[in-house]
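Think of it as A, B and C in the order they're written, each chain with its own count starting at 1.
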Amino acid sequence: MPSAAGPLVLARNLRKTFSSFTAVDGIDFEVRPGEAFGFLGPNGAGKTSTMKMIACASPVTGGELRVFGMDPGTEASTIKARLGVVPQADNLDLELTVRENLLMYARYFDIPSQTARQRTEELLAFVQLGERGGSRVEPLSGGMKRRLTIARALINEPDLILLDEPTTGLDPQARHLIWERLYRLKKNGATLLLTTHYMDEAEQLCDRLIVMDKGRIVAEGSPRELIERYVTREVLELRLADTDGDVLKERLASLATHVEILPERIQLHADDGEQVLERIHALGLPVERALVRRATLEDVFLRLTGRTLVD
Amino acid sequence: MIRALRLVQRNAMVFRRIWAGAIFVSFLQPAFYLASMGLGVGSLIDRGGAVLPGNVPYVAFLAPGLLAGTCMQMASFESSFPITGKMVWERNYEAITSAPMRIVDIVVGELAWVALRLLAVALVFTGVMWLFGAARTPLVLLAIPAAVLTGLAFSAPIIAYAATLKTGANFNALFRFVISPLFLFSGVFFPVSQLPGPLQTAAAFTPLFHGVELTRGLALQTLTWPAFAVHTAYLSGLLTLGTAAAVWTFTRKLRA
Amino acid sequence: MTPPLQGTAPDRRGMLAGALDIRWQDLPTLRRSVRMYQRNLMVYRHIWMVIVSGFFEPLFYLLAIGIGVGSMVPDINGLSYTAFVAPGLLASNCMNGAVSDGLFNIWFKLHVQRTYDGILATPMRVADVAFGEMLWALTRGSLYSAAFLVLVFVLGELWGPRILLSPSAILALPASVLVAASFSSMALCLCSFVRNREDFDKVMGLVVVPMFLFSGIFFPVTQMPAFFQAFVQIVPLYHAVALLRALTTGIVDVWTAWHIAYLVVGGAFAFLVAMRRFERTLIK
C-alpha cells in the first residue's frame, strides 16, 4: 500500500555504459513503498545492470539515482544496511553451514548475536530449511540454495528487497514455493523489486512493471494495463496447412484486431478468440491446429519489439 | 591392454592444455633445488670435508636422491586429487565403463599415464643433473627406470585409496604427514646413517628409502647385487599389491 | 555526479597516484574487518586440523635440514648450521602461512565461489574485506611463528646446539608478526593479478619456490654470484630472513633497520594496490 512517504527508489535518465556498449540508456522510474515492482525483458535488456546500480554494486555512469533518498555513490554502506539482495547467481558461503551462513551474514550487518540467532531460526522456518540448518551448502539442490539466499537477504529486515531473476533455472515445484513465499512477504508489507524474463512470474508477483529492451523502457504499467493497452484479451493460435504468409495476412486481417505471423504458427489477437475461429472455419481455411488462450505479457513484448522474451 | 592405452590417450588430451607449464616446471624445479641445495649448501659441506657415500661431492649425492623424491611427489600428486575427481565429480569412470573397458584396464591405464609423466620428468631431471656436473658417467641413465619404479610404487596404493574417497580433503593429511616427512628423512638430503638408531631401522621399511637407495646406487655405481635385489623386490611388490588393491577398490566403487 | 572510486573510467594517473587517492572514509574500519576474522574462525572450527598440521612442516624441515644436513656442515661465521637455518625457516614459515594457504583460498573465494560478492551486498566494503583477510593470514602466521620459536628454544636447550643465541631473540616474535603482515599484504596483492589455476602454478613454481631456495635460508647469499646478490635485495623473503636471523643471533647492525623498512613500506604499498584492484574487480 503506497504511503505518504516518498519513493524508495527514484531514477531519472539513468545510464550505465561500459567501454564497449551501453547497458542502460536513460530510463526513468520510481518504486513506491509496499509495492512489488518488476523489470521484465529478455537477456541483455539492462535489468541486471539497473539492479546492480540500485544495490550500490556498480557505479552510476549518468543520470540520477536515489535509493531511500540517498545517493549510492556516497552513502552506499547506509543504503546497503537497509537493502536485501537476492542475486542472479548464488554466492552463498560454501565453507559454512546453512545456519552459519545466516548467522555470519547478520554479523556483517552488526546485528547483535542474540537477535541474529533468533532471526536465523525464524527465517530457516520461513523458507522451510529448518531441518537442513546444520548441513553444508554444496549438497543442497538449486531450489534450496535459492531459498537460503532469500532467507539471507531478509536477515536485516530490509526496507527494500532486490531479486534478480529469482526463479531462473529452477524446477516448477521450487518456483511455486518461492513465489508463494514472496507473495507472503508482499502481503506483510515488504517492498519488492524484481527482474525476470518469465512472463508468468511478472504476472503473478508484480503490481507494476517496466518492460525493458536494449537498455530502454518500452512500456510500463500493471500487468493488466499492459495487456489491455497493447494486445487484446485473447489470442488464437493457428497452424494452417497452406502457409503463404502475405496472402494469408491480408485474408485474416479483417478477422482480428492484429495478426502476427510467426515461423511455426499464426497468432490472431481478438477479444473473442472462439468467434474468430468459427469465422475461419466458415471461410474454409485448412486448419491443422487451433488454440484459444488468454493474452500474456509475452504477447505484449512481442507486439512492442517483434521479438520473444525467451530466446 | 590396448584398452588401457585409451585411458592414456584421454589423459594426454587433457594434458595438452597445460603441457607447456608442466615441462617448464619439471625443468626448473630440479634446476633450482640442485643449484641451491646441491651447489649452495653443497659447497659448504664439501669445504667442511664431510665424507659422503661414494666419495662424491654433495651435489652428486643429492641429485639421484632428489630424482627419486621428486618422482614420489609427482606420482603421489597425480594419483590423488585427479583420481578422486574423476571418480566423484567428473564421473569419467562411470562413463568409461559403459564402453568395453574392464576395471583392470582402467587401473593399468592410469598407472601407464603416471609412468609416462614420470619418465618425462626423470629424463629432464637427468639432463639437468648432467648440466650441473652431478652425472658422473652415462650409467646414470640407469637411475631413470629406478626413479619411475619408485614413483609407481607410490602411485598404485594411492590410486587405490583415492578411489574410496568422497572428497579431496583427506589428501592434505597424506601429504603433510606421510609424503613430506618421507621426502625429508629417507636419505634424499642426508644419509640415513645420520638418523638415530631406531629411526634408521624404521626408515628401512619405508618405500622412498628403497627408492633412493636404488636410484642413487645405480647412478653412482655403488650398488651391490643383493641390495639391488632387495630394493627392486620391495618396490615391485608394493606396486603389485597396490595395483591389486586399486582394482579391488575400483570394482567396489563402480560395480556396487 | 560520479564518485572518485569509479571502476569504469581508465585510471591514467598510474597505479601509485591511484593507490594514494583514497578518501578517509574508504579506509578499512577495525570493527568491520573483524567480521572477516569471525567468519574465518567459524570456517576453521570445521577444519581445525589444517591449522594444527601447519605446525609440523617447519619442524620437519628444521630436523631434516637443520640437524640432518647440518651435521655435515661446518659453522658459518661462528654460527652452527642449525642456528643459521632456524631463523630462515621461521621467516619462510610466515611466508607459507600467508601465501600457500591465503593466496589460493582467497582467489578461490573471489573468482569461483564468489563469496565476496555476497558479503559486499552488506555494509561491508572492499577495504574491510581485504583488511580482514589480511588480519586472519597475519594471525595464522604469527601463531605458527610463536610455536616455532618455543619449539626451537626447547630443542636448543634440551638437545643440540643452542639455536636462540641472544636475548634479542624475544624480539623475533613481534618481528615475525611484521613479516607475516607484510607477506599477507603481498599475497593479497599477488592474488589480484592471478587470473586462473595455471597462473597459480606459475607463481608457485617461479616465485615462491625460488624465493624459498635462494633467500639465504640454507646458505649465505654471499655465496651467490654478484648479480644474484644484487637481485636478491628486492626479494621480500631475503629481508625477512635477514631480519629474523639478526634478532635470534644477536648480530644486529644498521642493515636491520633497512630490512624492517623494506617490509613495512613494501607491505603497505602492496595492500593499497590490492585494495584498488579488488575494488575494480568487485565493483564494475
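Criterion: a contact is a pair of C-beta atoms (placed from the backbone, for glycine too) under 8 Å apart; a residue touches a chain by one contact, two chains touch by 3 or more.
Because the structure is predicted, anything quoted here is derived from the model rather than measured.
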Other chains in touch with both subunit A and subunit B: C
Most central chain, Cα average position: C
Chain separated most widely from subunit A, comparing mean CA positions: B
Separation of subunit A from subunit B, taking each centre as the mean of its C-alpha atoms, in whole Å: 56
Computed distance of Cα centres, subunit C from subunit B, in Å: 31
Cα-centroid distance, subunit A relative to subunit C, in whole angstrom: 46
Contact set on subunit C toward subunit A in their complex: 1-3, 5-8, 31-32, 35, 38-39, 42-43, 46, 109, 113-125, 283-284
Subunit B - residues contacting subunit C, complex: 18, 21, 24-25, 28-29, 32-33, 35-37, 40-41, 43-45, 47-50, 52, 58, 169, 172-173, 176-177, 180-181, 184-185, 189-190, 194-195
Residues of subunit C defined as touching subunit B within the complex: 47, 49-50, 53, 56-57, 60-61, 63-65, 68-69, 71-74, 76, 81, 198, 201-202, 205-206, 209-210, 213-214, 218-219, 223-224
Complex contacts: residues of subunit A adjacent to subunit C: 17-19, 55, 57-61, 71, 73-74, 76-78, 80-81, 83, 85, 87, 89, 91-96, 100, 103-105, 107-110, 152, 156
